[in-house]
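After this come two complexes, each holding chain A, first together with chain B and then together with chain C.
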Partner chain A sequence: MLAENLAISFQIRYHRSEVTIRETFVRLLDRFHRNGHRDGRWSQVFWALQDVNLAVYPGEVLGIVGPNGSGKSTLLKALAGILGADHGRIEVHGRIGCLMSFGVGFKANLSGRENVFVNGSILGLSQREVAERIDKIIEFSELGDFIDAPVRTYSSGMKGRLGFSIAIHIDPDVLLLDEILTVGDASFRAKAGSILDRFRGSNKTVIIASHSMGLIQKRCTRAVWLDRGRIRMDGDPSEVAKAYIAETEGPKKA
Partner chain B sequence: MKLDANSGFIADADAGSLPPAVSTVTVIQPQRGWRAVDARELWLYHELLFFLIWRDIKVRYKQTVIGAAWAILQPVCTMVIFSVIFGSFAKIPSDGVPYPVFVYAGLLPWLFFANAVSQSSQSLVAQSQLLTKVYFPRLFIPASSIGVGLVDFSLSFCVYLGLMVWFAHLPGLSVLLLPGLLFLTVLTALGVGIFLASITVTYRDFRIVVPFMVQVWMYLSPVVYSVTIVPEQYRWIMALNPMTGIIGGFRSALLNQPVDWNALGISTIISSTLLIIGVANFRRTERRFADIV
Partner chain C sequence: MSSVVASNVSSTRVPSLPERYRRLWARRETIRYLTSASLKAGHRDKVLGHLWNLLDPLMFMLVYFFVFGILFGLSGGGRGRSIQFMLYILIGILTFRFISGVINQAANCIRGNRGLIHEINFPKAIFPVSVTLTRMYDFLWGTIVIFAFLALGGIWPTFHFLWLPLLVGIMLLFTLGAALIVAHLGVFFADTTNVINVVLRLLFYCSPIFYYVRPKSEIPADTAIFLVNHQTVHTLYMLNPIACFFELFRDALLWGDMPDPRMLLYTTLVSLGTFIVGFAIFSRSESKFAKYI
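This part shows the complex of A and B:
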């Protein structure tokens, strides 16, 4: 997996979160009258990612750390193809499994089993592939007989377990995880953590964004520190975690 | 986003360390302006379209108390109301056919079109989670709403078979045109629905505009009346509305009336143009959906 000179910008609108036709008209008139400072009043361009260069190889478990708003999720979304890039190029070899949140597209009134088919298909599996995996998915999720009950009766932990179970059984070559291993109870977390080790063992790539330094140090083989959309540090997880903690906790002590 | 198989392998030494089993390579590059439809990618995900349709149908029939009956009640109630008001009270001529049969033959394509367009225009905003959390061809979101409408269409068509027998008004050979006409209706609904879906993401005004637009559109289409009551010199303006040719076509096929090939030809041209414009605009704005939805 390779990202070259990746950059993504967003237009931050100050006046409304939703654009309306009226606003577009007003903006056009505004530009027409005051040719000098275009856009200055209405919006500002914010670079969520800049000059990101990253090559991740099979067998690596890469942890991404950084404060809120540093671009972790944006980077994962760009890698998954959800967000278009403004500059640069991304190259991913193999199937991408992306888990920004659990159970995307789950319908509350459908049973767990029915949702496995829909969700698996959204994540890129064919019907045959889902059918082949469904027993393993149910077993791993530890839902038992609940699998045929409507998802609306599930606890959030149960939904999370089912979603995670589907995602890992897609068997992607590159797995993207966004702050999700905090779901479920302790035993499920341990099980989920060991999955990361299995991915590493089978020469797959895992990229995980997390605030948990424990997870980064324990499970990752490499870590990247994102700071305001740029890569600040790239290297050994313990060293990156140490430097990151030192920076975030340093000012408090002083 | 572009999915490119087996191309764009990096030439440097690092590429050698990749396992040979990995054969698909995804290359993502900034893309602006107009983009063609990626047919290969659509095919790769084609099963997903069926799952999305299946999911929506299942949800609807599980959630609502009388389930599938809604697909029949809506056209039947509309037909009864229209027959009383426009048929009995206003005495709108119906080309010598009993008014209920006449209006129902027009309601079949119209209600499918109206419901499909309303649903698909809201589909992207309603399912924003699918846009921001996962990647797959976005065209499938509005397209699946149209697919759901097709299921309702087949249910309401069964009612027509009943009407046909009740009023003893059997179709002639032109009934063979039906599959083609249905295809043309789907084409039109896709074009309009996809266009409105992408516009609604950017301009939320359309959430209010679309229901009104659909209502006006119905009176501009020959649903409750026949094109024959429109003065000859204005008929070409009516024909510019693709639903004119389609509704006329449905009536010809079901009520055994002469087919207006000119109107059908114009409908085909306009519907295809709408579809091209709709998809082109969708593809152009697609890359920003996750950002602005």
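This part shows the complex of A and C:
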């Protein structure tokens, strides 16, 4: 693939609500009785991300840090187009490869090899393109003969390795990873880490959400600190990590 | 190399309808994979495997034939009449099992693929489409049973058999539309499955599967129960497109007639409408799916 230049700039506001028929019904009744007045109890709007402005360029490895629920995954999912934006817009140049969680999209009854074809196709590869890459994918995943066993027999580590291997071999221009480098054993992690360096070298973009400050400082060229859906800090990874650690551990020491 | 969009812009704006059709069409290979994957998984652990595609409609037909043909005495006497009634039931059963099977599965096809939907962005319509195609495969196997019984009853192919591909195509369009609507509802309301079950049960009894609704010279008057003798009632009854599909198939295959043109026109329009509306509402809200499941 051509190394397209990537520019992501967007403003996003995103709300999440669980709606059941009962709630809708109750809300309707509510509206009848109160003549249009809406009780806040029945509709809770949660803005997982608010006014996020971010531009990421090719060659950057961006780390996203932040406590649980700060919007890291939401941001990645919005970038991947999985969650539609409620406000603002997202612009991505090039093919996106993403891995939010490990192999959850695999079909349990099919073999690993069959799943590579299904997943590759969903990721936008043609049958021929998958066939060209299948050997490299299997080799990288280190699954060996297990590749022809049904995926239901895989351990979560094996699924994660296969998922990661597919994601990097589709030659994405933008790779989105959510906590992925915690998968697999130490040697696989090291290999996966070096892949990130290769991505950076070939002018592609990687965005990682992680809780591992070590990883952020070691692999990233830039870091963003998300706090309750807003960008708190954007800059050099070691400075962001330092500030983030100071904030989260500071109160305990005091 | 790849046909994947080189640049994609997503915002709060929903892509235009032709664009949504184009994106779905670009995913035809994925649909093929999903369909063959679920076909492989479907009968994998069964002793009789894909033979069930033949046995299922056959067994159900025999059950209904026993109950309604023999116990209720609807088939009339003699071998010829029996086989005719068996075929009558078979066509109904097979068609109904296809449509109801698709609708049943469609209600959960988005929630069932939650993992994938939260991982990658793609046109979600591939799921209801592949559900429909998977069931279509079973349906086509079932037609083998029909042809076997046609031969058994001494009914040889006529020119009217040529209507079959067209009729199947129209039915596919209708079912696809219904699947999209049900899949869409299934995302926003987890209760869809419960409602669907009741509605399908009602449709089962309100469609002419094991009783006659149309006076035909081939149906002996003493065995036929024309539940709907009254003209207005009959018209209302036939508004059910599923009932129309039964009758159209029976015209072409069993009675060796030209399918009733007015019924054919009505069914075509309803199917086209169902598909257009179904795809429009499904694809308009698919970007919200990930938030609700």
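By our rule, the second predicted complex is superposed on the first by the 226 of 254 C-alpha atoms of A that agree within 3 Å, B and C clash if a C-alpha of one lies under 4 Å from a C-alpha of the other, contacts with A are read in each partner's own complex, and residues count from 1 in each chain.
By definition in this document, a contact is a pair of C-beta atoms (placed from the backbone, for glycine too) under 8 Å apart; a residue touches a chain by one contact, two chains touch by 3 or more.
Just so it is clear, the model here is predicted, and its values are computed rather than measured.
Undergrad: State whether chain B and chain C clash or fit side by side on chain A once the two structures are superposed.
TA: clash
Undergrad: Just checking: does A:N203 make contact with chain B only, chain C only, both, or neither of them? Give me first, second, both or neither.
TA: So A:N203 only meets chain B here.
Undergrad: Answer with first, second, both or neither: which of chain B and chain C does A:A85 touch in the superposed model?
TA: The answer is both, since A:A85 touches chain B and chain C.
Undergrad: Once the structures are superposed on A, label A:H93 by its partner contacts, choosing first (chain B), second (chain C), both or neither.
TA: So A:H93 meets both chain B and chain C here.
Undergrad: Could you tell me if A:Y57 is touching chain B, chain C, both of them or neither one (first, second, both, neither)?
TA: first
Undergrad: Could you list which residues of chain A make contact with chain B in one structure and with chain C in the other?
TA: Comparing the two interfaces on chain A, one with chain B and one with chain C, the shared residues are 18-21, 77, 80-96, 98, 100-101, 104-105, 107, 109-110, 114, 117-118, 121-124, 126-127.
Undergrad: Within their complex, state which residues of chain B touch chain A.
TA: The touching residues are 1, 8, 10, 14, 17-19, 22-31, 45, 47-48, 51-52, 54-55, 58-59, 62-63, 127, 129-136, 202-205, 287-288, 290-292.
Undergrad: Can you list the residues on chain C that touch chain A in the complex?
TA: 1-4, 6-12, 29-30, 33-34, 37, 40-41, 44, 113, 115-122, 188-191, 287-288, 290-292
Undergrad: For a test of understanding, state which residues of chain A touch chain C in their complex under the given definition.
TA: My answer: residues 1, 4, 16-21, 77, 80-96, 98-101, 104-105, 107, 109-110, 114, 117-118, 121-127, 129.
Undergrad: Touching chain B in the complex: which residues of chain A?
TA: It is residues 2, 10, 18-22, 24, 55, 57-58, 77-78, 80-96, 98, 100-101, 104-105, 107, 109-110, 114, 117-118, 121-124, 126-127, 173, 203 of chain A that touch chain B.
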